[in-house]
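Sharing a structure here in structure tokens format.
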Amino acid sequence: MELLGGPLFAVAGAGESHGPGVVTIVFGCPPGLWLERQRIQAWLDRRRPGGTRHGTPRRESDRVTFLAGLYQDDHDRLTAGPTLALDGDDPQAAATYDAGYTTGEPIAAVVLSTAGRAGAYEQFRGPTGAVRPGHTDLVKHYQSGGFVDIRGGGRSSYRSTISDVIGGGIARLYLERAFGTVFLSSVVGVGPLRAERTLAAAVAELGPRIADEQVSALSAALDGTWDEVGIPTIDAAFAAAAADLIKQTRVAGDSLGAVVEVVGLNVPALAGDPLYHSLKLRLMGSLGGLHAAQACEIGDGAAVAGRRGSENNDPIRGTGYARNSHGGLIGGITTGNPLVARVAFKPTSSIARPQQSVRKDLAEIDFELRKGRHDPCVGVRAGVTLESRMAIEVMNAVLMHAARHVDPADFDLFPTEE
Amino acid sequence: MELLGGPLFAVAGAGESHGPGVVTIVFGCPPGLWLERQRIQAWLDRRRPGGTRHGTPRRESDRVTFLAGLYQDDHDRLTAGPTLALDGDDPQAAATYDAGYTTGEPIAAVVLSTAGRAGAYEQFRGPTGAVRPGHTDLVKHYQSGGFVDIRGGGRSSYRSTISDVIGGGIARLYLERAFGTVFLSSVVGVGPLRAERTLAAAVAELGPRIADEQVSALSAALDGTWDEVGIPTIDAAFAAAAADLIKQTRVAGDSLGAVVEVVGLNVPALAGDPLYHSLKLRLMGSLGGLHAAQACEIGDGAAVAGRRGSENNDPIRGTGYARNSHGGLIGGITTGNPLVARVAFKPTSSIARPQQSVRKDLAEIDFELRKGRHDPCVGVRAGVTLESRMAIEVMNAVLMHAARHVDPADFDLFPTEE
Amino acid sequence: MELLGGPLFAVAGAGESHGPGVVTIVFGCPPGLWLERQRIQAWLDRRRPGGTRHGTPRRESDRVTFLAGLYQDDHDRLTAGPTLALDGDDPQAAATYDAGYTTGEPIAAVVLSTAGRAGAYEQFRGPTGAVRPGHTDLVKHYQSGGFVDIRGGGRSSYRSTISDVIGGGIARLYLERAFGTVFLSSVVGVGPLRAERTLAAAVAELGPRIADEQVSALSAALDGTWDEVGIPTIDAAFAAAAADLIKQTRVAGDSLGAVVEVVGLNVPALAGDPLYHSLKLRLMGSLGGLHAAQACEIGDGAAVAGRRGSENNDPIRGTGYARNSHGGLIGGITTGNPLVARVAFKPTSSIARPQQSVRKDLAEIDFELRKGRHDPCVGVRAGVTLESRMAIEVMNAVLMHAARHVDPADFDLFPTEE
Amino acid sequence: MELLGGPLFAVAGAGESHGPGVVTIVFGCPPGLWLERQRIQAWLDRRRPGGTRHGTPRRESDRVTFLAGLYQDDHDRLTAGPTLALDGDDPQAAATYDAGYTTGEPIAAVVLSTAGRAGAYEQFRGPTGAVRPGHTDLVKHYQSGGFVDIRGGGRSSYRSTISDVIGGGIARLYLERAFGTVFLSSVVGVGPLRAERTLAAAVAELGPRIADEQVSALSAALDGTWDEVGIPTIDAAFAAAAADLIKQTRVAGDSLGAVVEVVGLNVPALAGDPLYHSLKLRLMGSLGGLHAAQACEIGDGAAVAGRRGSENNDPIRGTGYARNSHGGLIGGITTGNPLVARVAFKPTSSIARPQQSVRKDLAEIDFELRKGRHDPCVGVRAGVTLESRMAIEVMNAVLMHAARHVDPADFDLFPTEE
């Protein structure tokens, strides 16, 4: 089933690249969290193509509407969201939710699509349609017996990550309120270029508990390079070089891979089941399983393989771990240190340059993409999705740990005379 | 998580009685099923209050729109559903799906709500709001720490069964195409009245495989009493008496319980896992777990407790089971005989007559419902939901059985020279 | 998957009627529960055939051994259970656990089988083996493609409920310690006979909170009829009549159905998710899904269908619900009132009298059971399994409710200076 | 819940490092697979410490016994496994299974432990016990409220992977029979040393379909370095250097990280759900989530981030993909090319050299390990577990794809006259 996270906090999604909309249901948020649509919208705006000059020129406004799972007694404020209307003989209109408290019931959100005509996809239609190298076209055609939405990658499109960001946004609001947890990400590689300065290193200098103003400073740095050159990273020199490289590569009709670092700050300790559903296992899967990802590492990652134990074991002092090569997880359980992960993305599969490929009937062709423009470097906007997926898994792990603590006082209804 | 069925075919739902809409995601329908919106709409129309003169006078048109999971190359036909539009500074409009093939991806549907003002629920607002006996008001208030949607029962409203009917509808289309399976239901009890003639008995006379014209005849009989007196049952005399009793009871400000029989015809044999996830266990839960249900039985049900084994064991002949006291399930596995279940519903909790109750702060009150009119007998329209839930569980069991048969030919992509 | 309960507290089982043993893994018990093997053994002894003179004469000692998930620093006491040894060239022996604290890790238990030769099952062997009416023989043969353990019903045997009782036993210990919760059951019907006095009625007289001595008195009554005539019920007169009827029926080579009532006392309020995973849905499935069960009801059950709302709604007072026709659940959430359910069982399928049946190749035969003796009335020992399944579901629901309450203090590791 | 894989094919495990045994239940193997205990034992022997001279000197014979889920009509052959016996007043003995067909029911296995006294762990006992850097001691102590099995890492020990290997072994037998699928692994890094020759490269030279004799040749090469120097790798020169380094490091009281490559050959195409449960996501989690793993990559892994799309997209020809930089997965779906993954392991946490640490009460100490000897390089024997986990996920994905194909012929029981 199309679920991220779970079994307690989970996100279900549906919706294709060029379909009418993306539909999301978020399960398991405890009651009583104050949720404002604009907070979630702000994260969605970061995910959106066109939010960066390096993204695809296709414009999507990705306006989120909430239809279920919120409440407050002030109904006017509750339903101050945009109105959703249905035409026809029996027209209907419903004012959607703008802000309210979560009730513990499933929260539903709809993001309508404004993608235009599907004419650009004529090239891929039917049993003799072309197959794009690096895409799911061929395997999904055969897997589905030909019943696949061919428009823009269908369900396999990056557009599906709208659900990740909505679900992750709710988790972020919850964890922020309960623990002051914040999730940030920084691009650390674009093609052959690597950042000198990493977010993990910057955070390590600040100690285990990061203050609000420190978070603001980090965010400002990330927003700065995003606004200036369209690449959120704390290494401004790298950002400039990477932006140039992306521009040249786009002109050359080619694309670039990327590496993105994602960090959780002020993460509560002791969350995460060990072994088969450890938070490490879950994060490796959720982050490394994202579209176009081909590698994932936690903490110091692949580098630890080259070390000796005496170098790698993080010493422990009475106030905490003296280092964070473990990346915030030991035995799949949070230590309270920053959660650190890095994900390597392959270059965008859609490129303008001609390639060897086949039609769906396996006849060989020289393939050239007829229409459509695409992100030359998907990693540039993957950060908010990685943050969202990390938040979803941490949220679920937090609730799992809460379930270990049964307080009889939470089960009282009528007074008991004793 | 709010999931019916699963792990292969499952339905997720969200949405409250008086919220903006009910959102549904259906997982696991195999690719290639032709799905027309109007088929699902027809089942939703049977679920709808106001579809019967005995239902609540509140009018809801329950128009379903599909936003994800369907496809066909004819985009005009695909997107011939109603247009869903969002107002505001950045208005959007999306043509929803009218008909297409399933793709194997999650299918999403939205039903907007046209429920009017929530003023009728003023009486229940806040920590000193009144508690309706028989309702979830008190337990949900305390369970959620007060963060509960109090309008019309919130998520616990019967309106949530829209998701059941949508998911069940897709399962029905699939099973109908693959096996000719049909699900029907008949009201067999209203308050103290009991039908003389049951659907299970009528079906038993027809043999294990029911022909299309026999299905049509049964459906016509059920539609007949529905159209005439608002009670779908194959016992017309009972229908008339029950309709009178419901009318009297409504005038008296009271309500009535009911018993509904649900039957699956031409159900494939050999579906259903044994033991902990047996189809019997699943059906008992899914049917008996419906709102207001307090008892569920399979086949001859509670009556079998009074029998001897020599009376109860259904003899087996070379052409099939000679009787169906087992109700289509032995050891939790389908036998190919009609699936038969019966569910007993309590009288509608909302009644006009005064009752002893409390406020949410547990202060005692004489409770009288100020506004709102309600079904005096919820059982009358429970049938389509029971059929839907039965279809969901059968569908999942069918896919589980298919998973036992790995055919290497289904895993071929490129030709292998051998 | 063979799991009862879940997603937080769940029980996995494996093992066939005549296989080497039944293996059980119990997931999700919070750390810190003191668990003694003898407590679980006592419940298993109640499940065991031969524990009653009305059960099958087959003797099984059902000794439970614990192999995982417990700990205490006193290793001698921890490992004071029986020694499990493996013969062969490389013999091994392991002292199993006798008592310890749960650690939060999965708990594993093994019950070896002492069932003798499988010669009695020669009649059923191979593709021309006989099919027993009322049993799973035919459907499981075809479902598995002939790869089914034919000895004594294989996995579909009642012996599989050993896992239910072990998992339920752990849940009972936890709930007893945390809330004083106790689960009891009483046989209320055997064939056409019905008890005059029910456990639910007896409990209702005692008020919502049942004191230890009241529990002891109820238990003593149930043990009394069990010891005297092999039927645990609080209606001694009924017990005597039922015992006579069972005896006569056994002599006649026939069998009888039964009805068993199961009650949870001092159940915490506010547990249970609403709707698709409501505790009502879960209990209906788990209890009504047990072997040979054909009907399940909660609270006043099927009787409520015959009532008016004004009769059926339980009035609420400041100290609690004034009645318990709801059976401890409203909207699928516990009210703190006793949980009440009743399950109707069909007569034992295995009878000595000749019956019409088929061979597995569907050739018709006059079937007569050659060997083996069986419970003439399985309901008589179903009580402990129903109690166990109720405990498993309540336990899971309690943990789910605990997960709604995130206490930051539970996530502290190192001191934070503030 | 402690489950690997699922929802169709899944493995549950229980058991601690120094507990009486490791218990495994394997769910969802279709009926009809011929399973011999010795096949599974052979894989367990590869997992076993002491199976290599570089492993821990602790000797464990890890003899597997099967107690449930197998059958064949020849009972003597079925039950020719070792006898499991229980001592005490009521001694019991059960002959376990040696070979049989799977029945579709859960398969249970027990591996008894012969680990000696727990005296070596005195140093870690109680609230003032020492904490080992790099281990789970501290987080599990606080997470469990002190109720943790401190002996040898308890449940977090590598010993828990016995369940992975048993479950993976059953998946391997199934996939081998159905598709000729084989899983192999090769150590490619030990500390700073890297192999020149990788298994992925060797396999790429052989074409998409690997013949039996080619598999044998690869296996022989891997067995050769294993037998000679205890490091299974196809690069013999690297093996020799790595063995020397491990030896020196052990003498120095230190440990080393490692990188292991795991490859699936003759993997069926078209398996794997896209998106949230894609096979890529599942493999990243399952492989990268293993004990001590800190990075995981698929196909060309992290290297792809440095490429351009025109370099990285694998051209497609009529006979298959012309390269395998995608590692056998596109869009999370198998392409029929070899599945390729690499996992980086941190150096073994247990080292003899003194380290800075704390007691469980957070008092600072200079920590020195008193007793116990450990693998200086855990990666050396991780291969068989990685192969097992890959097999489990592929098996589940294969069954999920089979569930997309409902063949009405599989649902026939009685003949239908038509």
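When the chains are written out, they are named A, B, C and D in that same order, and each has its own residue count from 1.
One rule holds in what follows: a residue touches a chain if its C-beta (ideal position, glycine included) is under 8 Å from a C-beta of that chain, and two chains touch if they have at least 3 such contacts.
Everything numeric in this text was worked out from a predicted model, so none of it was measured.
Chemist: How short can a path of touching chains from chain A to chain C be, counted in steps?
Modeler: 1
Chemist: Using the contact definition given at the top, which chains are in touch with both chain B and chain C?
Modeler: Touching chain B as well as chain C, we find A, D.
Chemist: Please indicate which chain is farthest from chain A, where distance is taken between mean Cα coordinates of the chains.
Modeler: It is C whose centre lies farthest from that of chain A.
Chemist: Report the inter-centroid distance (CA atoms only) between chain A and chain D in whole Å.
Modeler: Their C-alpha centroids are separated by 29 Å.
Chemist: Could you give the separation in Å between the centres of chain A and chain B, each centre being the mean of its C-alpha atoms?
Modeler: It comes to 35 Å between the two C-alpha centres.
Chemist: Centre to centre, by mean C-alpha position, how many angstrom separate chain B and chain D?
Modeler: The computed centroid separation for chain B versus chain D comes out at 44 Å.
Chemist: Give me the residue numbers in chain C that touch at least two other chains, ranges are fine.
Modeler: 1-3, 6-7, 13, 31, 104-105, 138-139, 142-143, 155, 269-270, 274, 318, 335, 362, 401, 404, 412-415
Chemist: Applying the document's contact rule, which stretches of chain D touch chain C when the two form their complex?
Modeler: Going through chain D, the ones touching chain C are 1-3, 6-7, 10, 12-16, 19-23, 25, 27-28, 31-32, 61, 63, 65-69, 71, 73, 75, 79, 82-88, 90, 92-97, 101-108, 110, 112-114, 118, 125-126, 138-139, 142-150, 154-155, 362, 412-415.
Chemist: Under the touch definition given earlier, write down the residues of chain A that touch chain D in their complex.
Modeler: Checking each residue of chain A against chain D gives 1-4, 13, 131, 133-136, 138-140, 142-143, 155-156, 160, 189, 191-192, 249, 254-259, 269-270, 274-278, 280-282, 284-290, 293-302, 304-318, 322, 326-327, 330-335, 344-351, 353, 355-358, 362-364, 379, 401, 404.
Chemist: Which stretch or stretches of chain C touch chain A in the complex?
Modeler: Within the complex, chain C touches chain A at residues 6-8, 30-31, 104-105, 178-179, 208-209, 268-271, 274, 318-320, 335-336, 398-408, 410-416.
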